[in-house]
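Next up, some structures in structure tokens.
Same chain, two partners: chain A is paired with chain B first, then with chain C.
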Partner chain A sequence: MKIKILIFIIIWLVSFFNFSYADNSEKVDQISKNLRCLICQGQSVYDSQSDFALSMKILIQNKIDEGQNDEQIYDFLKSKYGEWIVYDPEINKNTVLLWVLPLILFVFGSILILRKVSIK
Partner chain B sequence: MVKNIKLISVVFLVILSFFILLKGLNKTNNYSPNLNSSKIDFNFKAKFLYSDEETTLYELINDKDFSIINIWASWCLPCRDEHSFLLNLKSLDKLNIIGINYKDNEINAKKFIKELGNPYSKIVVDPSGVNSIELGAYGVPETILINNNSKTILKKYIGPLDDEKFAELKLIIKNEN
Partner chain C sequence: MLNQIGNYSLYIALISSILIIIQSPILLSRNNINVSGRIFSLISIQSLMIIISFIALIIAFIVSDFSNETVYNNSHTSKPLFYKISGTWGNHEGSLLLWLLVLSIFLLIFTITSKNLSNKYRILTLFFQEIIILGFLLFILFTSNPFMSLFPIPNEGTGLNPILQDPALAIHPPILYLGYVGASIIFSSSLAALISGSVNKTWAKHIKNWVLVSWIFLSIGILLGSIWAYYELGWGGFWFWDPVENVSLMPWFCLTALFHTVLTLEKREMFQSWAVILSITTFSLSMSGTFLVRSGILNSIHTFANDPSRGVFILCFLFILITLSIFIYFFYQNKIKNNFSKTYIVSKEAAVLINNLFMMFFLSVVLIGTVYPIFLEVLNNDKISVGPPFYHKLIVPFMIPFLIFMAIGPNLNWIKDKINKINLQQLLFFILSIIISFIFLKRVGISYLLSLPLFIASFFLFFITIKDFSVKKTNLSQKISHFGFSLFILSVLINGVLAKEYSSNMKVGDERKFLNKTIKFESLKINENKNYQSLEANFKITDKNNSINLKPEVRVYDQPQTITSEADIKSTLYSDNFLVFNILKNDGFYNVRYQIKPFMIWIWISIILISFGGILSIVKKNG
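And then the complex of A and B:
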């Protein structure tokens, strides 16, 4: 019985520390999911275990500890690595087609449907 | 006739997409940031490899006309290959070579330098890799050429130096004044 209690306490302690650890880096996870890992392209910084990504996570944690908000961290990284590092493309003259094309297709499609319906 | 047109257009499309994909094979899609977007933060703090003192990048590059910042590690094989080029560059008077020891073990790093020679005027350590990210670096090896007077990046090489890059570096230093 004593052993059972002991084991229970050990497991509880271990999981408790795990939880507190997870709690601490949740913000880092959230930010790093939005960042492209530049040396392992196709993966996010969150998913990657490359040296680059690991350092990036430390850096993000440091910045959070310094009291910076998400926006400031993204801006900092954009100034270092260019806009490509974030997954969310901004609207500028290179990406305007990317943003507008779905809208155009939607409008075009609805016109087609409307015409078909009204013909019937 | 209609059947023929269909067949021809299908064949044409297949051939067209074949060539588009073939062309895509030769194109590297690795993105690297352009120089304008990566500014250097000269207040970056780091410790020396051979002493416990702290320094800033601003102090490090204040010596001569040009600085090369080379990011290296003893565990990085390409760094061994490019080491001879750095030793060669050491002979240029106008140039100051600074090493950043990236995520390395201190003993191994010192052994590496002892074994292959020391091209660096100063070496700082970056145990967590954070400093390198503040420099806008990708990893090891990486070489950044800086004009000390205007504090601008003249050239950045991701990956090891080779004969071509070496010649280019020398040319840039020669032409810039």
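And then the complex of A and C:
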């Protein structure tokens, strides 16, 4: 309960501050569209109105104001919340199949078709 | 009382199912017996019983019979009648009963309409279909019985998720299920045709209508789902690449590929094995769709009712069906009579192959994107999210050649066509598309280097499909569907590029400037409704020439307690004005999101056109 009140107060405070800088909000939109709202069911941070999403948008705004670029912000969020938070998974040893498998299937299918059709 | 009626009729249906399954092999061994005898009456009894049980459940919902556990969990006396009825399938148990209902009615229709086909093929189809029905009956009776009794009888139910209390979503599941279940007939009949050695023109002609029927219902079902997501979820988007949405899209790709393949099979007696494989895949995808949605494995905004233990049953059932079909496929595959006719590279056959290649690619992107995170989590304990950027990156580049092939393909002749025919007229349209896309993107003022080829390809398809209306060779239904598709792609693209959005926190009386418009928060009032309270805001949006009023709502439902935001949308032929607001925790402030969505209505119209082409094709055949 205490934590809830604390979060509430923090959000209330921060969202008050938030009114002062409405600029740069397009960048926030762009980034928050790529982030999963962790406490929601399948909504992006951008689309959600939950406490988590609101504080997340403020966090991103602050990072932008500090002069960080997109990549630094994504990296920070990933280190804090894990890969789960980004909708656009990076290519690493875990996700290489995810990206490549459809392409392999396409190439495989093309070869099958090319072998079946005759040019003349 | 209703519970007993429902239960007993389901048990009678179960017995008929078992009887049919036992009798079919006996009937098969005797050659001259007609299906219309005993089996037909068993099927009729079964359908009747399932209809009775479904009606019993609907009545239980209408009269709010809380001695029924399903009704207690999903209804409330204060709900409007319409949502009491739609509540019947707005939950796990009821939706499965609906699946079953459609399964048995489709089987009945199949039995009646296939009278001029071979006996063996019909009995085998009935046999496989009955296995599916039996599986669903067992599943319903032993894990998700909608007729469980409660004692003592509660006075009041717990209510239906308010987010589901919506006209589009009330009819969305039944329509979608008609599509899914239509795939079961395709599955059963393809296995039957395989075993009876009749994967040929006659079969293609017969099954084509079923493919079309499922495809039409699936298309309209998906459309209703996206319209609902558009105005109810408050995203302003119509497709989020959410797992539950993806699950309905996968069989659609498969059915689209299957339809083109079956057409070729009908005309040219080619691609028999491929048609069977696609039929099996389509149904497997429909079934896994139900499994994934119902099991709660997916993290999605659409998972309303789920229970992991039930997933195990569907998973086992699915496993049995797929194994069975693969086994049958390899065992009887050599019965397929291939006439080994050549496919020339410039021919309609090759175009169909290319269509299938792309459909399978899009399918694999969506399938892998949807299930990969699940597997990764199980195997590696790593949680990743696969969202819109992934799908866009993989699908969009492939869209460009796909659209161009789609423009060229339908104009080719069967067997072999000349290459030089492609060049002249089409080149002109291609140049025109380049010019228009260039001017358009220039005027929009975005340096979308990647978008240029995409726009060129879509404009090209758009012009060609319009031009095709003047060509007599192809049939009208195809022209309408293909034109619908080109309109769809173009509207989605233009919508994506030109959409404008403004979001701000406002108080009553506030005014904000956005582009050349003024958004004014005029007033706020509270309405009392039958089962919810609503906070209705009034916004006035003024630009140079005119002004519109938008009245979005925030609804507070009491049974169960939920808050939903209802967007207000004013649609014109050019664009939608979309406004939604949310309660903020700071006193007096509301989060307001205003969007201008160009060509939104054309996205819906184009999908209706796509489906209409299919409907026309069925009507013309039978008319």
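Convention: the second predicted complex is superposed on the first by the 93 of 120 C-alpha atoms of A that agree within 3 Å, B and C clash if a C-alpha of one lies under 4 Å from a C-alpha of the other, contacts with A are read in each partner's own complex, and residues count from 1 in each chain.
In this section, a contact is a pair of C-beta atoms (placed from the backbone, for glycine too) under 8 Å apart; a residue touches a chain by one contact, two chains touch by 3 or more.
Since the model is a prediction, treat every value here as computed from it, not as a measurement.
Of the two partner chains, chain B is the only one that A:F52 touches; chain C does not reach it.
After overlaying the two complexes on the shared chain, residue contacts for A:N62 are found with chain B alone; chain C is out of touch. Of the two partner chains, chain B is the only one touched by A:I39; chain C is not. When both complexes are overlaid on chain A, the residue A:I113 reaches chain C alone and has no touch with chain B. Between chain B and chain C, C contacts the larger number of chain A residues.
Legend: residue contacts after superposition of the two complexes on their common chain; A:L98 is shown touching chain C, with no touch to chain B. By the document's definition of touching, both partners, chain B and chain C, reach A:W84.
The interface of chain A with chain B overlaps its interface with chain C at residues 41, 82-84.
Those residues of chain A that touch chain C in the complex are listed here as 8, 11-12, 15-16, 19, 22, 25, 29, 33-34, 36, 40-44, 47, 49, 82-89, 94-95, 97-99, 101-103, 105-106, 109-110, 113, 116-120. Residue ranges of chain A in contact with chain B, taken from their complex: 38-39, 41, 50-52, 54-56, 58-59, 62, 78-84.
For chain B in complex with chain A, the residues that touch the partner chain are 29-31, 33-34, 37-39, 102-103, 128-130, 132-136, 138-139.
Listed in rising order, the residues of chain C touching chain A in the complex are 233-235, 237, 240, 242-244, 298-303, 342-345, 350, 353-354, 357, 360-361, 364-365, 368-369, 372, 376, 380, 382-390, 393-394, 398, 501, 503-505, 582, 584-586, 591.
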